[in-house]
Structures are given as structure tokens and as C-alpha cells.
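Chain naming follows the written order as A, B, C and D, and within any one chain the residues start at number 1.
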Amino acid sequence: MHNIQEMRTAAILGASGYSGQETLDRLLRHPGLEVVALGSDSLAGAPASALDVRLNGSLPRFVPNEDALAAGADVVFLCLGNERAAAIEPPAHTVVIDLSGAHRLVDPDSARSWYAHAPGAWSYGLPELYAPEGNLIANPGCYATAALLALGPLADAVEPASVVVDAKSGVSGAGREPKASSHAGFVLENVSPYAVGAHRHAPEIAQQLGFPVCFVPHLLPVRRGLLATCYVQTGSDARELLEDAYAGSGIVRVLPEGTAPELARVQGTDGAEIGVFADGATGTTIVVCALDNLGKGAAGQAVQNANVALGLDETAGLRLAGVLV
Amino acid sequence: MHNIQEMRTAAILGASGYSGQETLDRLLRHPGLEVVALGSDSLAGAPASALDVRLNGSLPRFVPNEDALAAGADVVFLCLGNERAAAIEPPAHTVVIDLSGAHRLVDPDSARSWYAHAPGAWSYGLPELYAPEGNLIANPGCYATAALLALGPLADAVEPASVVVDAKSGVSGAGREPKASSHAGFVLENVSPYAVGAHRHAPEIAQQLGFPVCFVPHLLPVRRGLLATCYVQTGSDARELLEDAYAGSGIVRVLPEGTAPELARVQGTDGAEIGVFADGATGTTIVVCALDNLGKGAAGQAVQNANVALGLDETAGLRLAGVLV
Amino acid sequence: MHNIQEMRTAAILGASGYSGQETLDRLLRHPGLEVVALGSDSLAGAPASALDVRLNGSLPRFVPNEDALAAGADVVFLCLGNERAAAIEPPAHTVVIDLSGAHRLVDPDSARSWYAHAPGAWSYGLPELYAPEGNLIANPGCYATAALLALGPLADAVEPASVVVDAKSGVSGAGREPKASSHAGFVLENVSPYAVGAHRHAPEIAQQLGFPVCFVPHLLPVRRGLLATCYVQTGSDARELLEDAYAGSGIVRVLPEGTAPELARVQGTDGAEIGVFADGATGTTIVVCALDNLGKGAAGQAVQNANVALGLDETAGLRLAGVLV
Amino acid sequence: MHNIQEMRTAAILGASGYSGQETLDRLLRHPGLEVVALGSDSLAGAPASALDVRLNGSLPRFVPNEDALAAGADVVFLCLGNERAAAIEPPAHTVVIDLSGAHRLVDPDSARSWYAHAPGAWSYGLPELYAPEGNLIANPGCYATAALLALGPLADAVEPASVVVDAKSGVSGAGREPKASSHAGFVLENVSPYAVGAHRHAPEIAQQLGFPVCFVPHLLPVRRGLLATCYVQTGSDARELLEDAYAGSGIVRVLPEGTAPELARVQGTDGAEIGVFADGATGTTIVVCALDNLGKGAAGQAVQNANVALGLDETAGLRLAGVLV
């Protein structure tokens, strides 16, 4: 496919953070995208190997983020904080994928309340369920991706008032910046809920489903990966709805009856696993989704969205194969 | 208090398993109980140090479990598997604390269905909520203890059909016997639900609350400790009910508003932490309980039950103090 | 390259163990090798997905190991225990890669002492240093690979009596079979040396270097990966010797001065990192090698050896690219 | 003992850091010491529970460190950074235990080179080997304590040029302040050496032994605890020397032949374990010491030193008992 196809060019802003580095990882594997600009204000001027010794001379040196934005790339990945991303002026005729939360909420009040600025003309891109449109694409949050993959196909079939999403994430979800809550002395041999009733991914999930859910995230002593256990009341056959939604997907795998998703199986990949269970005692349906917060929950989905927007093979560059222990 | 008090004697059956070793740990700290028999069929004849080099010559050698049972101790701790515990003939005039699940369910059908034998005349001992009576005491399961500490005081105040208990446990909850699911190659960097809709602690929770709950346990890459996140619909003030229930407790700590329980803070202790939260978006009340599955979830509670039955200070021997990092 | 090249066929014996599964992972990525037989006595008859849900219908069902051996594949990977591997009768005209220790030691006394059988006509295959010859190739041990990558190029330049190899390995090094020492309740928040002065990889290292070293392995709370810290006295420039040895290697990376190997950077890959340091206080040279015990320490090297023996691109199928967080 | 004894008073400066919190933990258990001042510049004015919800109203509020120093306590624990500790003017007639490195090195050049200031009249306090003298006591470093416990009794019996100390520490050794190297995203599933040939504990070990050793520390994915594997050439019976040195110690346990120290067994305690091994292949003697970097490696030893200086029971307040899983 890609032999006769012209290479497109890509720039990464915030390339030295976790999601930036992972986006770079996917682009290095991508047959149709070439990295032409690595933006990082803190590493500007340094060679790519300053980020990681695994990177070598074939990559350009880091430049300030604004230079990377102006580099004329066909696609720009914004791997920045919410405020920085909100302030970006997207270049014309360029596909821009925003991995931050800045452009996910479309309701003006909600956007202002959670992200302190008005929403713009960005589309929400979770290709299996909500196809991105246009050049400006808001990449979903990691928790939202897991919750939506589990619940999106059931949105019309569940009692809205009943939905609980109990999510558990590895520590890389909080970014590379050191803080007390990501200190290994706090994380190891620990687990605790955080931002209970106050996490930015809750309104994002609600926006896409059309109703609010009770969402509680927990921090795990795990480097990467995320599991969302979703509890719903439904009269429909949830398994059938989910299997239909992801039939033929090379990214989302609905597991056979009785098989539970395992975070370890999706770690370091851009795939997702979904398990469906019935609780006989209460009639509750339990849908569990596992994915890698840096993969399908961030960089993998960002590259997938870029592929869709550019008309490339949807899974090009993604980490999907393999059966590591 | 204990200066003028006669020492009572204790025997541990299954002393070489996790809960047995932890029970021994508490008894070694106990001012009113002396260990006179250490039962272990696999270690019979060996000195106590064969279990752990931290143990020394002041303890008796291991004997077969049936010898430990017949040693005439005032209190016997059964730290055995369910089947072994079910087959024990309790000596007369002896306090027996069964840490297995064998005697927890009182409904004959339920007991037979989950434990393959009829229930006997044992009382369920979770002293803060369900005071043990008589000499034969069934010590609650670790998950059940956490769920009940969180939900017991709310049992009359919640909509029964709505209750979800999403629990997360460290690996010691599965016992010392090596198995595929406790292999560190499976546990590390992993998390997954198990026994969904089919865990023995679910009917136990239902028995005590009076209604079934949707209970899903998950295995964490943590050595010890357990966190239960409980979701309920209630019109009452859950915080007030919980603070009333545990006012003055030296074991259960209801945390101030906005503070979340942390597994690390209860690890290696016999205490428990409870946090109460409201989810504004859905009106759900979230009650989170953290405890150590081997402490308040097993050995700590067993010794507490023994103390109650023997008329000793309820917290004697327990690990409750300290502020380790 | 591989368009016009005939595909060769491969069989894996012991495909359901850790090293078997990882070998399968590499073969699924291999452009020139096709898996025609998956041997496993325990899974015989089951589809490949019985091992892992990530595997699908394009793979053959599991067959008994002896059937896999007799399947006529061009290359056979023995991912068996030492005794099973020692008992295998290699088919004629077949490349056989033995991932066990059975055929590593060539001295009859040593082989009998450590592996209870006489050595055969196998060659030791660590391609960067000891090129495999012939069809029967003994794949090095994981610890031995790390120690030899660090010390092999220095063998003629160090004082033999002074060499210490302090190694630290993740738990997958001990195989998938559950045992007390791989129980997560033992492994988490723990580290301890084992088999001190009595590990089978010590004579293997000595055989290749020409002199014995003091080798002490430690078990880490890590799923996969291994780090060997080697202490030597030398009058030569160790960095220069190592850089010369691995110049142009796509597998072994000698890090710049001041940069230490990190296990995380080689985890899940078939590469290795080497760091070289001088201790000013004592004049000791410290060479540190990090690799993945299941990658360069097992399956990656096995496929590399097969590539060499079959005349294929040495790194075909290997996991070498990427910059995962 | 302590019934008829007057209570002494204690102040902690830097009480909100890791070593400060652990010192507080020991003092809360201490029958002869009462905490009268909790110093913390960042928490000044806040109640003790601001540090940890396990602390309650019986403790004084935090005050600025200089106020804690001036509180007139009988013993002051300096749990500060090196520079802050170096600048402290010790009150007269007060026992001061400095847990930082500021006062450990006595050679002026060495002290200036490693800690940027001249040494004062402090004595080095590792009671089992180097009894503290006077009121001003420098508490040893965690690595130094482990290395010295293993090597101190052998100092006159080993070939100095041959000594290697390969140490592995949990992440709490680096303090509570968040930094890139303590980020759980870096620590989990990782291990790497650091400060190779440049760690401040190396000159400290050399000072006490009388000769330099090759010391390399590694960071482990472990919350707390430290293991030092020491390699020496000796013609003496190292086991005998070590058993003699620690005969009757309630803190240091020399393990029986063939038994290896385990970090998990000393975690959360103030004890230490020592194992002695011979490597047949090279004649090297291997001495392994495990301790908790926050226990015997910091707060436990600090309280032990205070006990010695105040004439109290040497182990009062220490965490030494127990057999937690």
C-alpha cells in the first residue's frame, strides 16, 4: 500500500513528555509518516538522544514548540498541557491532533468550568465509535477511552442512572513531571481513589454517552495500563452489542465468555480488551475494558486519528501484534 | 491490666500459612495469650525457626494439626483451608476462631452450595458490627470485612438494588500455596478482575446486609492490603451514620471529608480506614474502605474476636499504632 | 529481501512456557520463518488461543512435543526443561536451537556435574562473541549472556582472580511453573541473593571466558529483565575494547560515558545496553550490562542464532526498535 | 525499667520528611521519650495530623525548625538536608542526633569535598561497632550502615584492595521530595546503578574501615529496604568473626549457613540480617546485609544512638519484634 504513496510529514509538540515520547515511538514505526520536527521547550537545541539513548542521529534536533508548530508538517501532534494546548493557533490546512484535554468538551459552560476556556471547532476522535471530522481532532482521555469503549455501544440500552465506572490506572497517566502522587514511595504497595467526583474525564464520558456516570479513578502501582470496570443495568444482550460494535476491529478485542481482560496483555500496545460478565445475584452487567493509557489511551489513538484524517491505513504505525509474556 | 491477670493459652492450626503466621505474630505481642501449640502437618517436628528465621527458641516445635487441636489450649485458631476447617471437631469449653470460610454462611443451602457442607452452630464475628457469641466464631472473609465495614452501618439506609462493591486486593489474599494466579510473572504490572459474579464472599456480604450486592474483586500487584470501593444510592447522611458507628473505635478510622483511604497506611496493621464521598453528577454515595487482608481482614480480627470471647481487652496484641512511611 | 526468498519452517517445543511463548512472538514477526508446529504436552490438541487470547486462528493447534519435533521443520526451538532437552534426538539436516542449559557445557565432567549427562556435539551460540557453528546450537543462559557481553571483550585484559558478577533478575527468569520463590507474596518488596556459589550459569561463564568468576544472582520484584554489574581489575581501556566489540551492532549498545544502563529501556526487547565506569577510589572498572532475560537472554538470541544458522538477516524477527516510556 | 524513670523530652527537626516521620514513629513507641516539638518549616502551624491522618491530637502542632531546636528538649533529632543540618548550632547540654550526612566525615578535606563544609566535633554512632561518644552524634548513612555491619568485623582480616560492595536500595532512600529518579514511572520494572564511583557513602565506609572499597548503589522498585552484597578475599573465618561481633545482639541477626538475607524480613523494622557465603570457584567470601534504610539505616539507629547517649535501654522504642508475612 505505502510503497507508491508519498510520505507525509509530522511534528510533535511536547515530544519529551510521556505522550510525546510514545507518539514518537509510533511514528518511528509508521510507513507513511516522517518526523520532521521535535518540539520541546526544555530540550530545544539538544539532539533526540538527549531524551533517550535509544534514539539516534536520523532524527532532527529538538526545537522550541512554536518552531515545531511552524515547521509546515502535514500533521501536528500536541502533546502539551491543557493550557498550552488551548493557546495553540492551529496552522491552516494542517491536521492537528490534540492529546490534551483542552478541546474535548464542546459545551461552552462545561469547557469553561473544567478547562477555563471556550471550546473551538474541534471534533472528538475515537474512531471505533465517534469518527473524527475535519482537521482539528481532540484525542480522548485515557479513562474516557476505556469507559466509552465499554459503554458506548450500550448507551441506548442501559438505565442511565445506574452506571458506575470504577477505573484503575498506572502511574504514567499522570505525566512525566515529578509530583508527590507519582513518587514511587507513595505509589508502591499502595492503591487509593483520587479526584472522586471531580475528574475531568467524567464530563467527557457524559458528553459522549449522553448521560452522566459515576466515575471513580484509582492509582495503581503499575507503570502503564488502565482497567475500567463498568457496572450497568440493561435488558439487552450487552455481549452481542459489543461484539457487533467491534467485529473486524484490529484494535479492540471482545474476549470470549468467562475470560477477563488483563492489563498486562495490553501493556505497551495500542489494542484494548473487553470482557462482559453477568452478576447473577443482582442482575448487574459488568463490562471491563483494559488498555494502555499511553497506547490506545493516548499516542496510539492519536496516530490512529491522524491516519483517519490523512486517509492512511487506520492502524499504520500502531503497536498491535505480539504475544509478550 | 494484664499484670494481675492469668495468662490464657492458644494453639494455632495451619500456623505455616499466611494467616497462621500473622496470627502467631499477633500472639507474640499479646500480653494475655501464650502460644502453647503450633500446628502444621508439613512442618511437624521442625522448630519454629523453620517457618521464619525471625522466630526463636522460646516457641514450641511444630506438631501435627490434630495434636495442636488436642493440646488443651483455651483458644484455638483454625488457619486451615475450608475443607480442613469444616472437618474439625471443636473441643469442648474451648474458644475456636475459624479463619477459613467454612462456618461463615448460616443458610444451609448457601453453605452447601458454596462450601459443600452444612453450617453448624458458629457465630459470625465482626465485633464493630456483629458481635460474636459463644465459643465458636467464624472469622469474616477479608473482602467481606471491608465491604461490611463500609456498608453495614448503611444497610437500612440504602437502596439495596443499587449497591456495587468494586474491590482490589493484594496477592497474599490468595494464600501461600503457589499457583498460576499468584506467580509474580502474572501479578506484576497487571490487574484483572476474577471470580466475577462467583466469589464466596458475595453471599457472605449478602447474609450480613440482608440483601445481595454486586461484588467484583480484582487482583493487584501489591503484597498485602485491600481496598473496597462501594457505590450506593441513599437519602441518608452516610458520613454521619459511619462516624456514629465507629466513634471511639481504636480500629476503624473514618477519615475527614476529602481524604481518601490509602492501602499503604493500613498495610501491616489491624486497623481500617473509611472515606466517604458524594458524586455530584449522579448523586451516588461512595464509601471506600481500606484494610490489610492479613490484618483486620484475617489475623487481626481473629485475635480481636478471641479477645472478645475471652473477655480480654479487645485490641490486645493487635498492630494498631505507628506511622510508618 | 524477503519477497523473493523462500519461507523456512519452524517448530517450537515447549511453546507454552515463557521462553516458548516469547520465541513464538518473534517468529510471528519474522518475515522468513513460518511456524508449522507448536509443541506442548500439556496443551496438545488445544488451539493456539488456549495459550493466549492474543493468538488467533492462523496458527496450528498445539501438538505433543514429539510430534512437533517430527514435523519436518527447517528449524526446531527447544524451549524445554534441561532433562527433556537433553533427551531429544535431533532430526537430521535440521537446525536445532536449545534454549535450555542441557547442551551449553562442553567439558564432560562439568556437564555431568551440573546437568547430569554427557555433552554432545553442540556449539555455543552468542553471535556477537561466539559464533554458532553447525546445526546444533546451545543458546546461552540469560545471566551468562549478560556477563559475557560485559566481560567477553575484556577476557584477555583483566586479572582473572578479581572478577565479580553481581546480577539482578526479574522473576520470569525462573520460568512459568509456580513455585514458592516466584510467588508474588515473596517477590514483591523483596530482594535476595540465591544459589550463591552454586548457579549453573557460573561454569558456563567460566567456560567461555577461560577463567572462573564470582557470580551471585539476586531476584528482583520485576517481571522481566536482568542487570549484571561486573567488577574487574584491568590495565586496558575497557570502554575502547567494548566499543570495538560492538561497533555497528544493531543489538548491543555501548552507552556514552556517564550513562548507566536501565533495565526498563531493554524490557520487552532483544537488545542489550552496556555501561562502563571507573571507580576512582579503588581503580576498579565496572561494566554493567542490561538485557531482557526473555529477549537477548533467551528467545531473541535463539531466533538470532537460527537466523545465523539459516543464513537469514541476523536480526530478522527481533524486537529492537522503539522508545516506549 | 521505665516505670520509675523520669521521661526525657525529644524534638524532631524536619519531622515531615521520611526520616523525620519514621523517627516520630519510634518515639511514639518509646517508653522513656516524649515528643515535645515537631519541627517543619513547610507544615509550621499545622496539627500533626496534617502529616498523616494516623496522627492525632496528643501531639503538639508543627513549629518552625528553629523553634523546635530551641524548645529545650533533652534530645534533638536533625532530619534535615545536609546543608541545613550543617548550619545548625547545637544547643548546649543537649544530645543531638544528626541523621543527615553533614557530620559523618571527620577528615577536613573529605568533609569539604563531599559536604562543602568543615567537620565539627561529632562522633560517629553505629553502636554495634563504633560507639557514639559525647552529645553530638552523626548517624550513619543507610548504605554505610549495611556495608559496615557486613565488613566492620572483618576489617582487619580482608585484603583491602579486593573489596566490592554492590548495594540495592528501595526508593525511600532518596527522600520524600519528588524528583525524576523517584517517579514511579521510572522506578517500576526498572533497576539501574547510580552515582557510580561518586556516592557520599563511599568515603564514609572507607573512613570507618580504614581503606576504600568499590561501592556501587542501585535503585530498586521497592518502597523501603536495602541489601548490600559484599565481596571480599580473606583467609579468616568470616562467619566466626561476624557471629562473635553480633552475639547477643537484639538488632543484628547472623543467619545460619545456607540462609540468605531477605529484604522483606527486615522491612519496616530496625533489625538487620547478615548472611555469609563462600564461592568455591574463586575463593571469594560473600557477606550480605539486609536492613531497612529508614529503620536501622536511619530512624531506628538514630533512636538507638539517642538511647545510648541518654543511658536508656538501647533498643527502647525500636521496631524489632514480629514475623509479618
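The rule is short, and it goes like this: contacts are C-beta pairs under 8 Å (C-beta built on N, C-alpha and C of every residue); 3 or more make two chains touch, one makes a residue touch a chain.
As the structure is a prediction and not an experimental result, all values here were calculated from the model.
For the interfaces A-D and B-D, the C-beta contact count is higher for B-D.
By residue number, more than half of the contact pairs of C-D reappear in one of the listed pairs A-B, A-C or B-C, namely A-B. Chain A and chain B, compared by their mean Cα positions, are separated by 39 Å. Computed from the mean C-alpha positions, the centre of chain B lies at a distance of 35 Å from the centre of chain D.
Chain A and chain D have CA centres that are 44 Å apart. Within chain D, contacts with two or more other chains are made by residues 18, 172, 176, 185-186, 188-189, 221-224, 264, 325. Remark: chain D residues 161-164, 166, 168, 170, 185-186, 189-194, 196-197, 202-203, 206, 212-216, 218, 220-225, 227, 229, 231, 260-264, 267, 275, 277-282, 284, 286, 288, 290, 325 touch chain C in the complex. Chain A contributes residues 18, 171-172, 176, 178-180, 182-189, 221-224 to its touches with chain D in the complex. Within the complex formed with chain A, the chain C residues making contact are 18, 21-22, 24-25, 28-29, 51-55, 172, 176, 188-189, 223-224, 253, 255-256, 259, 264-265, 268, 273, 294, 319, 321-325.
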